[in-house]
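Below you will find the structure I want to go over with you.
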Amino acid sequence: MQIDNYLIRQTSLEKLFNNLIGNGKTVFAPQASEKRILFEKVKAFSEITDNYLVTTNAAKSVVFPRTEKLFSYKKTKETTEITDASTEAVPEVVLWGTRPCDAAAFIPLTDTFNGDYPDILYNNRRGKVYLLSFSCATCDEYCFCTSVNGSPGNTAGSDILFTKLSTGDYLAEVITEKGKKLVAENQTLFEAAPEEEKEPNLAKVKTYFNQDEIQAKLQNLFENPVWDEKSRACLGCGSCAFVCPVCSCFDIQDEKHGSKGTRLRCWDSCGFSLFTLHTSGHNPRETQGARWRQRILHKFLYMPDKSKVAGCVGCGRCSRVCPADINILETVTSI
Amino acid sequence: MTEFEPKIVAFVCNWCTYAGADLTGTSRIKYAQNVKIIRFPCTGRIDFMLLLKAFGEGADGIIVSGCHPNDCHYTSGNFHARRRWIMFRGLLDLLGIDVRRIQYSWVSAAEGAKWADVVNTTVTAIRELGPYTDYAKVANYLEKEANV
Amino acid sequence: MSKIGVFICHCGENISATVNCGKVAEVAGKLEGVAYSTDYKYMCSDPGQTIIKQMIKEKGLDGVVVAACSPRMHEPTFRKACSEAGLNPYLCEMANLREHCSWVHDKSDATTQKAIDIVRTLVEKVKHNKPLSTIKVPVTKKALVIGGGIAGIQASLDIANAGHQVVLVEKEPSIGGHMSQLSETFPTLDCSQCILTPRMVEVAQHPNITLMTYAELEKLDGFIGNFKATIRKKAKSIDEKLCTGCGLCTTKCPTKKIPSEFNEGLGFRTAIYVPFPQAVPNKPVIDKLNCQYYLKGKCKVCEKVCPTGAIRFDQEDELVELEVGAVVVATGFNIMTTSEFPEYGYGKYPDVITGLQFERLASASGPTLGEIRRPSDGKIPEKIVFIACAGSRDPAKGKPYCSKICCMYTAKHAMLYQHKVHHGESYVFYMDIRAAGKNYDEFTRRAIVEDKVNYLRGRVSKVYEENGKLIVKGVDTLLNAKPVEIEVDMVVLASAGVANPGSEELAQKMHISYDAYNFFSEAHPKLKPVETNTAGIYLAGACQAPKDIPETVAAASGAAAKVAILFSQNELSREPVVAVVNRSAPPLYSTCVGCFMCATACPYSAIGEEEIKDRKGNVIKKVAKVNPGLCQGCGTCVAFCRSKSIDLDGYTNEQMYSEVMALLNE
Amino acid sequence: MNELIQKAKSLLESDTVQVVIGYGKGSADKTRAIFLTKPEDCDQLLFDSRCVQNLAVYLTKHEIKHLGKPAIVAPIPVLRSILQLAVENQLKESDLVILGVSPESKLIEFDSFGAIELFLNAYKIQIDEKYKATIDKIKAMPVSERFAFWIKELEPCFKCYACRAACPLCYCPKCTVENNQPQWIPAASHLLGNLEWHVMRAMHLAGRCTDCEACYNACPMGIPIHLLTKSMLQDVEEHFGPYGPSVGKRNTLSSFNPDDKESFIR
């Protein structure tokens, strides 16, 4: 699809925001608090911060909530009545301020939920999401999008990508139909494309490795001391998976209250020892090393093998939050 | 509008309060229907999580009752329980879980009248506090919200 | 899917008058997992029980809820009925609709609804009940009796005469206890030693009794039928086998001015000593705290004079381990000393003495050979005051209870005084005369009427010394409450009976409970007066509360009978309500991580360690292990376990959790 | 520092220990836990104010135990944890070599747990005034507001259990939250599940927590869960006297005093 370029004034951003809210959309945007910057529901433009590299949490929870009701039931002695969860009440959501890596993550995420069969709940939610991303002007030592076929100005996944120009105004690249719809609804705010080049306004993200090469190397790396060595300090928590914009493992839980109950889909993490524990007591991934290997292989080998897209977008969130400072980039580059 | 009837769960030990409540019955002392008893061998057995569960399942109030200090059938279960309650109460209070909704008491096997009084005053107190909507909102979050 | 039977009892009209039993049965029948539900007039009656048994067989029930009275009333009845029908008795639970519902609420829909809620809760519990079997424990048919006073002597003789082995442990060098110190006994005034000493000898000679004097309980582990007692035999510093009890050593011992315990400090003894002439065993011990050799390293006179060479200065305390099946605690009591009474001179007036000291003065074997002479100058007191309730019934002294024996012995003391000092004048200050007992009131009457003892109803506020006389200031409440001041030669305090020092530690060693005054607590004040809350440990005598001799002897025989009943069986059956540490699949084996917080919390030291080993015998981990014989089923451990690795059968986590859920959710 | 490196080297050279658990350079300006098995690698060891991760957590991890007997670099918070682990029968003196680090970064060797206890007497756990003030401020809120405050704080928790994983005292192989018979705590992270999880976590640390703040440092969402344990530490001190792990003594909550005072039991 043809990408349309526009200029949007810095001052118009707030108007755009207000129009979105005014049109009944729910906006999630980076919000800063003492120790974290999170994608959160915002009501006013002033609540949004633009002083962030990436948020601590990923934006995936709008399409893949950390706890999602699948259905509820009510039993009597003879009957069971099931009510499927509905996404009808889910509003249209604008993700404001996603980074190109965040937006790119929706591609493998959607792949996963449309593998053997389409996941209705996911797709319904996904259909209601508008991704208004902002290019990265800065990066840090944890960023490596360029190593996984991404870039700080990558348009893949976003509906509109804004890039801040030297004037303080923004280049708006409108990528999808959804994006075009939004522009159409707010025509007065979008002006003719600027002259200024996009590239000089982007962060310079170092390229550490080549995804295809890594994928090839990993084919024969199942048995290797690197897994234990690099994961030695791993505490076995699930923070890496839960902040990852691509990780999509879940667990099914029933919550029962007398004769009523609900079935839920909850985030899970391959870092947990319980993740693969069998009822027999046997655990095919018995050590943290085996779990770390699974995480790397899944992202850099299995997923690209299966769906052509790596399971990592190089956002670096997992490394930033890891309480034991385990660094995914370090593991991958050491291979 | 009908009057609010609080749901109250009583966690009691078998040897003192359960027997005391038996005596209330034997003495035909009347009290409110709102309180239902769960029998434990000893207050030492009462897991704090069960109290939390009760609120989660919609209890408006809780009574925890056992043998007076030194009267424990098992010599020291109630002493352990008391320490646990002191800590638990402090934590709940910090978290804003309404500790006024948990009545702790010592009711011996001979204190049938005291049991009736504990029940009635607790029911009155909870009636005044009203339904525990703050907690119910948290407990029923999934039922109500669109989950985004 | 469970097949639970719910049986709603009307209890005549006791339940059905306020609860709609039919409705309860109807709603219960609709609960998931309930295969049968009915109501009946009297579930506990024979036809009622028959319904339950029939339905168990007919419907193949795998759980039963009887909604009737308190489980404390009829749980055994219905469990037995289930058992007779082939259902494990522990799959039966009772819902308390009578004491906790119908009797305490008026008839209303809310009352019926509450009954329904209670039944639903118990149905959910039963779904998680597991079949349990009673725990069998063997019985060691040997009893340990602690304390060699009249209570311990009586209990030992009774158990021994029933044909069982007894180990009698006494902390003093001789058995006999307080009774051996007494002069005469009320209400017959027969000589205490004359009736006691034959019993003491009988103990020493009984083939079933092993006597350990100068010995104390160091440790008690185990449980009913299977206790392990560690006894510390204190070093007597003599070889008992060689010693003939000739007494030469005691006459030659140079340290002669040690206040005699037996004579309550009114006489002296030597460092190597026999407490009293009729002592059993009649062999001396060396009091290491007062012996010149132990203090200064020089002397050894006794060793030199001993004709059999029986002195052993290098003897050390010996720890003896015993396996016993039952324990009788007969450690007796003590009395408050005069020093605890500031108003009566803090014990600094030598002629203000306790009742027990008076016994020694009146005793023919005492320091005055039975003549009543006052301690300060040996003069015969012309006027004497007895103060009853000295400390007893006095919350200010921390003893709000009545010591029970003082009224009688004070009357006895006054009589003995009047019998021995014919011209003497005696006064008794009392609060009430409590003389309930066979021939007791007649006895106190005799003191007043025949022996002309002056009874004054009132309290003594102060005793002080003036010109060699004791001034007793009190009040006579019967004569218009007029103050009384009497100048006397001697004052006897009927001081309160108190628990022995160290009772608290002893109770803790044995895991038995004790009251606020450190007297040991009986399991039930009326129906289990000689049992403690710890199965297999019984109480005899004044360690429980002050008691007179007949009562003590009766309690001792009662405790002995309980021991004999216990020993009449080879095996004991116990309720299987015990804690269990879980087992899970390898490589975990158990989710227990071995922090042993449960063990530190266990009131019965019932939790030990278990090593889990692999096939080669290497220890993989150490986990907690519950000794089902010791565990009493309080479940305190369960609430402490962070990984939920220990659970209590009968009150499991699943059961309790289900109850909470069911109570609040339909 | 050199002292520490030399000691670590000699321990590995003499095969007294097979692994040295210490701090080394991490990513960006962080430090991280390192596990040295070769003497020549010991030069990687460092110690400075950035070394806040509580290394004691590794002493009970089976992957680390597998490496052999460890020596552990132990600043004060680690020492406290070691002592508490010893109280709870998780460590024996012969299990490890302790390379204590004083607040002045001096190497202190301990030959027994008793010696650690003695040393720690001079470094009693003290709740920072700023936390006390925060706790007081929270406690001063009306109950409903306080509840709302915490529900909002706990809402972002997605149950990654980093708080548990980083805590040296959360060493159970199967946590209550992993129990589903019964399901004590909802596995889901929703408001109730989060609240119940954090109540349980705090209660399980009551009288055990050594105030190392590992839980807070580990939390990716920055939830102030350490306030819960800090407040409970204050409660322990107020009701049962000063807390400090002591080998041979029972935990505050598995012991009692018949004269414990409270004001809320009728």
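Per-chain numbering from 1; labels A, B, C and D assigned in written order.
By definition in this document, a residue touches a chain if its C-beta (ideal position, glycine included) is under 8 Å from a C-beta of that chain, and two chains touch if they have at least 3 such contacts.
Everything numeric here is computed off the predicted structure, so don't read it as measured data.
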item	value
Pair with more cross-chain C-beta pairs in contact, given A-D and C-D	A-D
Cα-centroid distance, chain A relative to chain D, in whole angstrom	32
Chain A-chain B separation of Cα centroids, rounded to whole Å	45
Whole-Å gap separating chain A and chain C, where each centre is the average of the chain's CA atoms	70
Two or more partner chains touched - positions in chain C	584, 588, 601, 640, 653, 657, 661, 664-665
Residue list for chain A, restricted to those that touch at least two other chains	67, 255, 257, 264
Touching two or more other chains - residues of chain B	48, 53, 57, 70, 76, 80, 84, 142
Chain-level touch network, classified as line, ring, star, complete or other	complete
Of chain C, residues touching chain B in the complex	70-73, 96, 98-100, 103-106, 108, 110-111, 113-114, 117-118, 121, 511-516, 533, 577, 601, 603-604, 632-636, 638-640, 648, 650-651, 653, 656-657, 659-661, 663-665
Complex contacts: residues of chain C adjacent to chain D	584, 588, 591, 593-598, 600-601, 622, 640, 642-645, 653-654, 657-658
Footprint of chain C on chain A - complex, ascending	75-77, 256-260, 279-282
Interfacial residue positions of chain D with respect to chain C in the complex	88-90, 171-176, 179, 181-182, 184, 204, 250-251, 253-255
Residues of chain D touching chain A in the complex	26-28, 30-35, 53, 57-58, 61-64, 156, 158-162, 164-166, 178, 183, 186-190, 193, 214, 217-218, 220-222
